[in-house]
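What follows is a single structure, and I will ask about it in a moment.
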């Protein structure tokens, strides 16, 4: 059995590390926020407020501590020194859902756990997001034939980003988080009313 | 003084239950009067699924039982099936198996140490623990391509031989780890607050521990010198020089110290293996049956079609997993799928003692005592 | 409490403080270990089991991978007039059994792990996203 | 002489047959006499009850107890055969406290009743779950859902409308 | 000319640049005699509160960075240069969050409690000398005022815990109150030992008493005369702040999030900010009482107000760093162990310290 020697994926282009002060500022999203707000037609003030709030929200996503199974260990690994989710301001894992913005559904959602996951989600204040991590939470995964497992957490709560993997490696988590940040950029009333297009 | 009894419900989503476990506590003020453990929030029906999968297909599921240390799970299952079918494993494969299992013991104890300290409120130990764990996981990734759910063992051997630069990386890891263990000892072991929290908490005597069916480091913390690696030696353990770590104090601190000592012992074993690993095949070539379709005698190496049929019968095989005695009871009816697989998980049986252990203590003590039992909910609920 | 009066010097805590201070000041091989993901990546091992890829020339569509999959992640579908496997990565265990089972060695697992997506349906990887052609070394 | 023979000599009326399970001595015991035999087994020094397994063989149930002795470092396997209609056997909780949860689990998943058990309730599945999953005749096609009642306990029903999201 | 407090400093500055008289004359001509006085006072208080708020934000950032440094990682990096904008972002986000009041909660008290926690946390700064003449008001009972004001927060915490109607909140609040009460006593006793030397409760007097050096090397800080008092005060104040190893009010692993389990959005932010305001204030008080306040070597040509402010901040941040460093190293003690420590060890020791200090002062060994 030969190890995989070829690499078929074209990596998504590695982001350049910001060096100059301007690039660093750009990397935080401030300039694009301002430019985007200027280009927008319609209610400039509203869209700007939207942009500012979106920026704040995507910069400080506080997850709720809710590990379910195997993926929870990788969730811990994401928060730990090697991967350090704190770089995105996300290391404040709140034990109380009242103070959290983001829920990682990390692990198998069993039938018995499902109402509690739903309850936890409902206890979180708006705006809130859900990332479903791993095969079990996405579709039931390995246990989708089992009598005791819910086939996908999106059956009970809306999911924003799905991260496949069993469990996904920490970089894959971070990639999922980056995808969510991209998504949050385009939210808000302006987007809802068609102004932010 | 008469006080109203307070019912407190800890979990299932609670930061210190290591997953989804629920304690129903009847409290008198801050004192626990009665503790009921409610589990099953992660019950996934693994044993039922085993009846639907072939022997080979069930290997990945064993990874997900005790997800912090998956290699021993692989090993216990594979060993049970091998005993059932009477397969002999080549020596090199045995060495690789012991190597991975001992490495996983270190990983497990690192996570144990970190999460215990996190439960007690110190957030740094877990970071250090996971820093070293990441290094071990890189070794695993070199070996089998995954970080946590390895699916590396095969019936009659292991999936793949060691990669070329594995041994040098392993030696690097061992060298690094020796220094790090000193760090942990400095950070935690002597800490007065830590000792205040752990000494004399969650006491369970040796007789009680045996009666409750506790095994592994939790039992050895009660002074029972019982290590399956020593008492019922399997694999290459008789050839290795190591000792079972025992502490007589019976309390949480003893259980913690046993694990720290075990890390050093495992490092010692790894060092021996790195020196003495022999060269040979890694999958058994012994013939043990006739392929139903082609009529060819086949081995565990037979690739196509990959059907494995052990003779009808039953076997119970157990190993010393990092958390205790992990056993698989496999019943075969002579088809491609096991008739029944029963998992004797160490976490489940060790948890039995918790309600006894915590009566009269306070909630923070419950957390400390529970942390030193070191359960993983995937293993408890299966 | 009697215990603390015996240990009032708090040497254990001071030792612990020294350990953490060594980490703050990076004394003695205790560097910052973070890999800043979007900008840097960790080196992956050659055997890493990530996204699947199917060799277009080698695959014969026999369906052995479908049989060997523990949880029926794989389906054989028709694509460009031939039969190819389709992987539902949202369900996949990434166990590598299909890799071992493939008689033609057509299935590879490459190093792609950046698979996060917004919908569940987009996690089903059909042959259009899985197939690759082996480059011939010149 | 192994432990199985020893046991047969001590209690010839209760032991049906002896044999070997791979390398472990195996004793087939009459189900009525299980408690008596178990007490003898404990007396012989088998202080560690490793596992309790229930197996559904369609026409019968088998419950298998694996013992280990810390003193003698020996294994022993006890086996009882139960009717398929009313699987009932005595509980070993009074001898080994560790048997408590193992028996509850066997009851929960296989459906063997242990008479004399202090708290024979379901342990992994919620109370009210229909059927015992590890029986061969368990109906996998029926979806059962769990909701939380007023008091925080689980309620099992086949109706998931409260839980599931309308898409 | 002696400048006593910040008001006089502002007046002095305005007079030297020649603005004070004309503006005052304008107001006088309208018959509004004291209006300028009031404006200046409002301005100085605004400056103080702005400074404190910015410091709090900085402290949350610093906390996360120190934790990261201890744990071999980077901490906030993406938002702003080295993650400096992180606290701002957190604040803006919390403003935009939904504000949930639980159904069974006591609405009024639930809403009121965060304010009762937050306002005293700011009021503590009024008699705190940030530097030579940089003080809002040099109260003659400054120390008493500080201890009294910080005694309000347990009440608010109890209100918050009670109003949430949640068992965890209530338990957290009860613990916080028990802890606060039992540690205010050794705190005050240790402070009184210092007062015996200065014979004044005014913070400025205490700082002035620590000016100068012995033998030209050792600064005359009270930490050298009162080592036991300093240790007692440090431990008690860490307990008062509710930080690890004494963070029972929000011991995450035991009580989810303690008394603010049910709070969300801006109200939660207030508790959060009050916690850091408390940290800053207590560190400032430690510096004032034991570490010589704003005393330090005089540098020529730079106004003493600036150098003293810098000295004060350096010392305060050193104390804050110590608190953060300690937090990252040690686990949490148990609540009954904490109370035992407070009542059975710290209070007797503090009394002993007071006794010895009394003898020393009466005998006139020092000073």
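For reference, chains read A, B, C, D and E in written order, and residue numbers begin at 1 within each chain.
In the analysis below, a contact is a pair of C-beta atoms (placed from the backbone, for glycine too) under 8 Å apart; a residue touches a chain by one contact, two chains touch by 3 or more.
Here the structure is a predicted model, which is why all the values come from computation and not from measurement.
When the partners of subunit D are compared with those of subunit E, the chains appearing in both lists are A, B. Identification of common neighbours of subunit A and subunit D yields B.
Ranked by C-beta contact pairs, the top pair of chains is A-C.
For subunit E, the chain with the farthest CA centroid is D. Here the spacing of subunit C and subunit E, counted between their Cα centres, is 48 Å.
Separating the CA-averaged centres of subunit B and subunit D is a span of 23 Å. Subunit A and subunit E have CA centres that are 37 Å apart.
In subunit D, 125-126, 133, 138 are the positions where the chain touches two or more neighbouring chains simultaneously. Residue positions of subunit C with contacts to 2 or more other chains are 4, 13, 16, 19-20, 32-34, 36, 42, 46-48, 70, 93-95, 100, 109. Each of the following residues of subunit A touches two or more other chains: 1, 3, 80-82, 84, 87, 95, 112, 116, 142-143, 145, 147-148, 154, 166, 169. Pairwise chain contacts in this structure: A-B, A-C, A-D, A-E, B-C, B-D, B-E, C-E.
Interface of subunit E with subunit C (complex): residues 66, 69-74, 77, 325-326, 328-330, 337, 340-341, 344-345.
Those residues of subunit B that touch subunit A in the shared complex are 12-15, 19-20, 40-46, 48-49, 52, 60-61, 64, 67-68, 111, 126-128, 130-131, 133-134, 147-149, 159-160, 163, 377-378. Residue ranges on subunit E touching subunit A, taken from their complex, read 64, 68, 71-81, 83, 85-86, 88-93, 96-100, 252, 256-257, 260-265, 268.
Across the complex, subunit C meets subunit E through its residues 1, 4-5, 13, 16-17, 19-21, 23-24, 30-34, 36.
On subunit B, the positions that touch subunit C within their shared complex are 53, 56-61, 63, 124, 131, 134, 138, 141-146, 149, 151, 159-160, 163, 179, 183, 186-196, 199, 303-306.
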